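There are two complexes below, and they share chain A, which is joined by chain B in the first and by chain C in the second.
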Partner chain A sequence: MKPRTVELLFLVLAGAAATMAYVSVYAGRYGEVSRASIVYALFFVGVFVVLHFVVRWLLPLADPYLLPVTALLCALGLTAIYRLEPRLAQLQGRWLLVGAALFILTVVVVRDPLRLDRYRYVIGAVGLGLLVLTIVAGTEVRGARLWIRLFGMSIQPSEFAKLAIVVFLAGYLDDKKVMLSVPTRRLLGVPVPATKYFGPLLIMWVLSLVMLVFMKDFGMSLLFMAVFVALLYMATTRIVYVVLGAGLFAAAAAFALSVVPHVRDRFDIWIDPWRYAETTGYQLLQSLFTMADGGVVGAGFGRGYLLYAAGDPVVPDMATDFIFTALANEMGLLGAVAVILCYLLFVWRGFRIAVWAPDGFSKLLAGGLATAFGLQTFIIIGGVTRLIPLTGVTLPFMSYGGSSIVANFILVALLLMVSHRTAVVHSGDEVQRRRLAELR
Partner chain B sequence: MIDTVLLALKVGILVLLYLFVWWVVRRTVRDTVTGQAATSPPDVALPTADVPPPPVSPEERDARREQRDVERTMDGQLLDFTPHIDPRLVVEKSPIVPPGVIFPLEGWVTIGRAPSSSIVLDEPTVSSTHARLVTRGQIYVVEDLGSTNGTYVNERAVTEAQLKLDSRLRIGETVFRYEE
Partner chain C sequence: MNRAVARIFVIAAVLFAALIVNLTYWMVVRAEDLRTAPENHRRIAQEMKHPRGDLLAYDGSVLAGSVRRSGYYRRRYPQGSLAPHLLGYDSVRYGRTGLEAELNELLTGESLELGTQGWVDRILGRRPDGADVRLTLVPAVQRAAQQALKGQQGAVVALDPGTGAVIAAASAPSFDLERLESRWDRYSGDPSAPLFDRALQGLFVPGSAFKVVTAAAALDAGAVDPESRFTDTGTYVVYGGKVTNYGGAVYGLHDFTTALTLSINTTFGKVGNDVGRKQLTAGAEAFGFWQRPPLALPEKAVAVSGRYRDGALLEPTEDMDPLGTAWFACGQENALASPLQMALVAGAVANGGRVMVPYLVYEVLAADGTTVSTAEPEMWLEAMTPQTAATLNTMMQRVVTAGTGTGAALEGIPVAGKTGTGEKGDGTNVAWFIGFAPADDPQVAVAVAIDGVSATGGEVAAPIAAAVLRAALEQVSLP
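Here is the complex of A and B:
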């Protein structure tokens, strides 16, 4: 089967799941099966069919599973948001459209990921600029300074900075990987490369430290540092960077714990939420209770106990940070595991794309994006299940939030472009090869 | 009634989700095992189009190999003065150029990372002007142009060496076989 046929088949499957979920929520709330929910589902499927045809037109040999997995995750997220607050679901639906539009724009404008490499310093500077802008002009929401107010909207620039910095690092490290992987001397008996090549590592470390102190956000800081260390490791295959990076980040985290009260609070809640059950630990505890309430198979969409009689969600911020809790409640353990499996599929495909990529830049780009996506998912799901301290990063494609969904659509577009390039190089498809060569 | 519908939907969604995951996993594993992309034909930007077909038949080449014009220099080095017909470098192993690609040699040829080189090897371990192949009468000699990582003929670092039939020339991580 051709990749696009496979994609369409899986999209149909995802569309069926989406329709069932919507119908279920509506029926659970109003006690009837309505046409409105079907229309809603059709709108959703329509968006992804359009994306499918854009991919069919411009990237016919791209990976066939990423788009269906994305559709499935978006469908479940949108359903859960609709379940909690129908008003937010409408907004999220609009953001989905914006995301789809930017997906198309990215594919049409960029076409070949290698072309991004030419603008690597510009892209890196933009990413850094976005972070600095957030620190300087950002507004604080619940203690973390991650948002910028613009035209009445809250934008989270770090989501876009994440993409920009991965693109920059992929290009930069691909160039410097040989210098970075050849040890020139020993430090405490460990062979290490020349000191000057540690510069970027230190800069990234300082950047993540600055983010930790000024944005007061542990999650984004961890994400940036970990993605950087992962890329360094992928470029050089030297484990010493992972050890050093982990050590540096641990030092930074220890420092932040003693200096930034917000980070300290989050840490204390993680260690013992019951001590703060009436105050700061309330949210996390409610999340744990709600998940446990779901049991093995859950109450079913629209039937779980997620809203108080007054209409407030039982966990504050359920549509954004705690969307996974809502899903775990209504779909149960089985559903929650399926959601995590879907995220794993996405990351798996991402790494496969990286492994097969024909050149260093594409490899690092795909690997970096897959790492960022997987880590972000881990950080937030780990947070709401109290595996690690809770921090406010979004759950990709599910959490309510425009910046996140738009940025992640661009991420999918980039991965698809890399996989298309790989397939063209490996397949011997002359037409596609010429089309790619003309872009250079 | 509505409870039955909801129950059916609940079960249905779970079944669909797991079917989805199962199918993707199965197909991915199958791709991995059969190694869909394991064979790698030429890359996009290669000059494969203007490669002439070898004008000499394999039998003819074997015959020529029998009767080579060899002389020994005073310091015991073996020189081969057989006139070449179709000198070329064939890629044996390379991280960027697919194996089997043929670079025909004509006159002096430069190899390096610089785009102006006759043969461009965009590898990090290749210097911008790495080596050149020069003709001396009827023979080709490779000269290292002060490259950082050296030029190797049959895995020995050389500053200057004659390329004989089936010599292995390694520059960076790319290995060429010299044919004539």
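Here is the complex of A and C:
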């Protein structure tokens, strides 16, 4: 079967699931199955069908699973948000349209991901600039400085900076990987490459440290550092960088624990939420209680107890950080595991694209994006389930938040472009090959 | 390079597997522990999927009903915030209190009292129907009590002395059950503690209202009779200290009835020591002091009256010297009493010396409307002999006709009572009135306590008691 046929088939399945979920939530709220609820669901399916045709037109050989998984996750997320706060779902729907538009724009403008490598330093500088901007002009929400306010909207630049820095690092590390893998001297018995090549990497470490202290955001800081170390390892295959990176981050984390009270709080709650049941630990405990109520099969969409009588969610920030809790309650363990497996499927496709990619830059780009996507998912799901300390990052495609959804649509576009390029290079498709060559 | 990529994917897969294992741990292995954790009120949400029995007033009107909204049955309160402290709240967020907590198994239909059908239903996985509970509260009296308390910090308890049925129990300031969740922060942060039930949980210095207890003990012991003569010089010097009268008054030659009528401290101090600390505290115990009144409510919802120091209940005669005994006889010196307890004191005098078990549930009605059980009045304690009760009744009528309690008088109906002005030591008083009416055929006993005022019980509390007694006696039927 052709990849696009597979994609369309799975999109139809995702669309059917989305429609059912939405109709179910609507029925739970208003006690009726209305035509309006079906129209909304079909509109949602329509957006992805449009994306499918854009991919069919420009990236016909791209990976067929990413778009359907994205659609399913978006649908579940949007449904859960609608179920919790209908007003936010409307905004999220708009952001979904913006995300879809940027997806198309990315595909149309970039076409070949290799072209991004040419602007590596510009892109890297933009990423860095976004982070600096957040630190300088950011507003603090619940202890973390993550947002900047622009034209009445709250934007989370780190979501975009994440993409830019992966693009930059992929290019930079691919270029310098040989020099980086050859140690020129030893420091404390550890082989260290020349400072000239190592310098930018230290900058990355300092950057994540700065994020930790000034943005007070443990999650994003961990994400940046881990993506960086993963890329370094993929580029050089030297395990020493992983050990070194982990050590440096552990040192930074220990430092943050003693210096940033916000981070300290999160750590204490993780160790013993019961001690803070009525204060800082309330949110996490309510999340666990809410999930426990879901049981194996869940309460059913729109049937869980997620809103108090006054209409506010049982777990504060349920539509953003704790969206997974809402899903686990209503879809049960089975549904929640299915969602985790959907994310794993996405991550697997990402790494698969990296493995098959014909050139170093593409490999690192796809591998870096898959790492960032997977790790972010792990950090937030692990956080709300008390596997790791809770830090507020968004659950890709599901959490309410415009920046996150738009950035992740661009991420999907980039992965699809890499996979298309791979398939073209590997296949004998002369037409596509010529079309790619023309772009360069 | 590909091997490195593959390794990172393996790490990712392991991390995701950890997510799944951890999720299974919370959602299956530890789910029951989480569901039953005291911090977790979510099981209330499970029960909210089924209609909850109504809480009805004595007249059959609905106090707390059950209405379905987006799949869950939520409480509604058709009569507004009537007796919110007593009914208690039923909130997934803040848990359950009051009657909602105490009667939960009846209201959900799980109680064995409703027969084995509830069990059978549960075993078959069906949900039993909740029972309605008809209370002894009389809305008109409750409303009168709440109205009279408006703007005050205090409480009113009214009960039927012959049965122990609680007709009204009001506490002010109050709260709105319907808006509890949205106003929680305001309520819980308010220094005047609107969520606190002053009627049953509040402990106040009883002051001279306690003299009814002293008088009962003294009359029972034969230490005095109503005509016993005393001479007051304004001070009673005892054990290196002295007992003085309220406002520094001097009364001269008087009898025991007058001592109660005008609330003469020096005489009651002397009588207290004549009776002796042991018999005095034993007399108080006979009224229910040092015991939790057996009102069917959650343990902590009903306070124990007695002698307290630094918030801890003392043994009856612990550290009690003759000066302490004298002041205790006047309801000062570590004495603390709840309005419910003082209503029981008034009720005992009204009921020939017998303290009835106070109760709130008049009858339980199964979902099909049949009566499951009806309250049967029971005696709790014998506080004094019937003769002493009759004597005290007459003496207490004098308080209202010619003493400190004239503010509680009702036209055409004899009222018996006793005022109290408990001095808190911070310059403010607790103003009390306890009493009952009609004195010759008692239908209702009442206790009023108003906290933090500069006026006396006769000035503040007696008129409130009059309003509540009047409202109760206007009723065609009382439980």
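Convention: the second predicted complex is superposed on the first by the 426 of 440 C-alpha atoms of A that agree within 3 Å, B and C clash if a C-alpha of one lies under 4 Å from a C-alpha of the other, contacts with A are read in each partner's own complex, and residues count from 1 in each chain.
In this text, a contact is a pair of C-beta atoms (placed from the backbone, for glycine too) under 8 Å apart; a residue touches a chain by one contact, two chains touch by 3 or more.
Given the structure is predicted, the values throughout are model-derived calculations rather than measurements.
**Student:** Just checking: does A:V240 make contact with chain B only, chain C only, both, or neither of them? Give me first, second, both or neither.
**Tutor:** A:V240: touches no partner chain.
**Student:** Could you say whether A:A101 touches chain B, chain C, both of them, or neither, answering first, second, both or neither?
**Tutor:** neither
**Student:** Contacts for A:G382 in the overlay, against chain B (first) and chain C (second): which applies, first, second, both or neither?
**Tutor:** Only chain C is touched by A:G382; chain B is not.
**Student:** In the overlay, answer first, second, both or neither for which of chain B and chain C A:G294 touches.
**Tutor:** second
**Student:** Should A:W348 be classified as contacting the first partner (chain B), the second (chain C), both, or neither?
**Tutor:** Once the two structures are laid over each other on A, A:W348 reaches both partners.
**Student:** For A:S24, decide between first (touching chain B), second (touching chain C), both and neither.
**Tutor:** The answer is first: A:S24 touches chain B but not chain C.
**Student:** Does the superposition put A:Y65 against chain B (first), chain C (second), both, or neither?
**Tutor:** first
**Student:** So, A:M331: does it touch chain B (first), chain C (second), both, or neither?
**Tutor:** first
**Student:** A:G367 contacts which: chain B (first), chain C (second), both, neither?
**Tutor:** Once the two structures are laid over each other on A, A:G367 reaches chain C alone.
**Student:** Hey, what residues of chain A end up touching chain B and chain C alike?
**Tutor:** On chain A, the residues that contact chain B in one structure and chain C in the other are 28, 31, 302-303, 341, 348.
**Student:** Help me check something: in the complex, which residues belonging to chain B touch chain A?
**Tutor:** It comes out as residues 2, 5-7, 9-10, 12-14, 16-21, 23-25, 27-28, 32, 37, 39-41, 43-45, 96, 124-125.
**Student:** Provide the residue numbers of chain C that touch chain A in the complex, in ascending order.
**Tutor:** 1-9, 12-13, 15-16, 18-20, 22-24, 26-28, 30-31, 34-35, 37, 39-40, 42, 45-46, 48, 70-72, 74, 91-93, 181-182
**Student:** Under the touch definition given earlier, write down the residues of chain A that touch chain B in their complex.
**Tutor:** 6, 10, 13-14, 16-17, 20-21, 23-24, 27-28, 31-33, 65, 68-69, 72, 175, 177-178, 297-298, 300-303, 331, 334-335, 338-339, 341-342, 345, 348-349, 352, 356, 358-359, 422-428, 433, 436-437, 440
**Student:** Which residues of chain A touch chain C once you look at their complex with the stated criterion?
**Tutor:** Residues of chain A touching chain C: 28-29, 31, 230, 233-235, 237, 274, 277-278, 285, 288-296, 302-303, 305, 307-310, 314, 328, 332-333, 336-337, 340-341, 343-344, 347-348, 351, 354-355, 360, 363, 367, 370-371, 374-375, 378, 381-382, 385-387.
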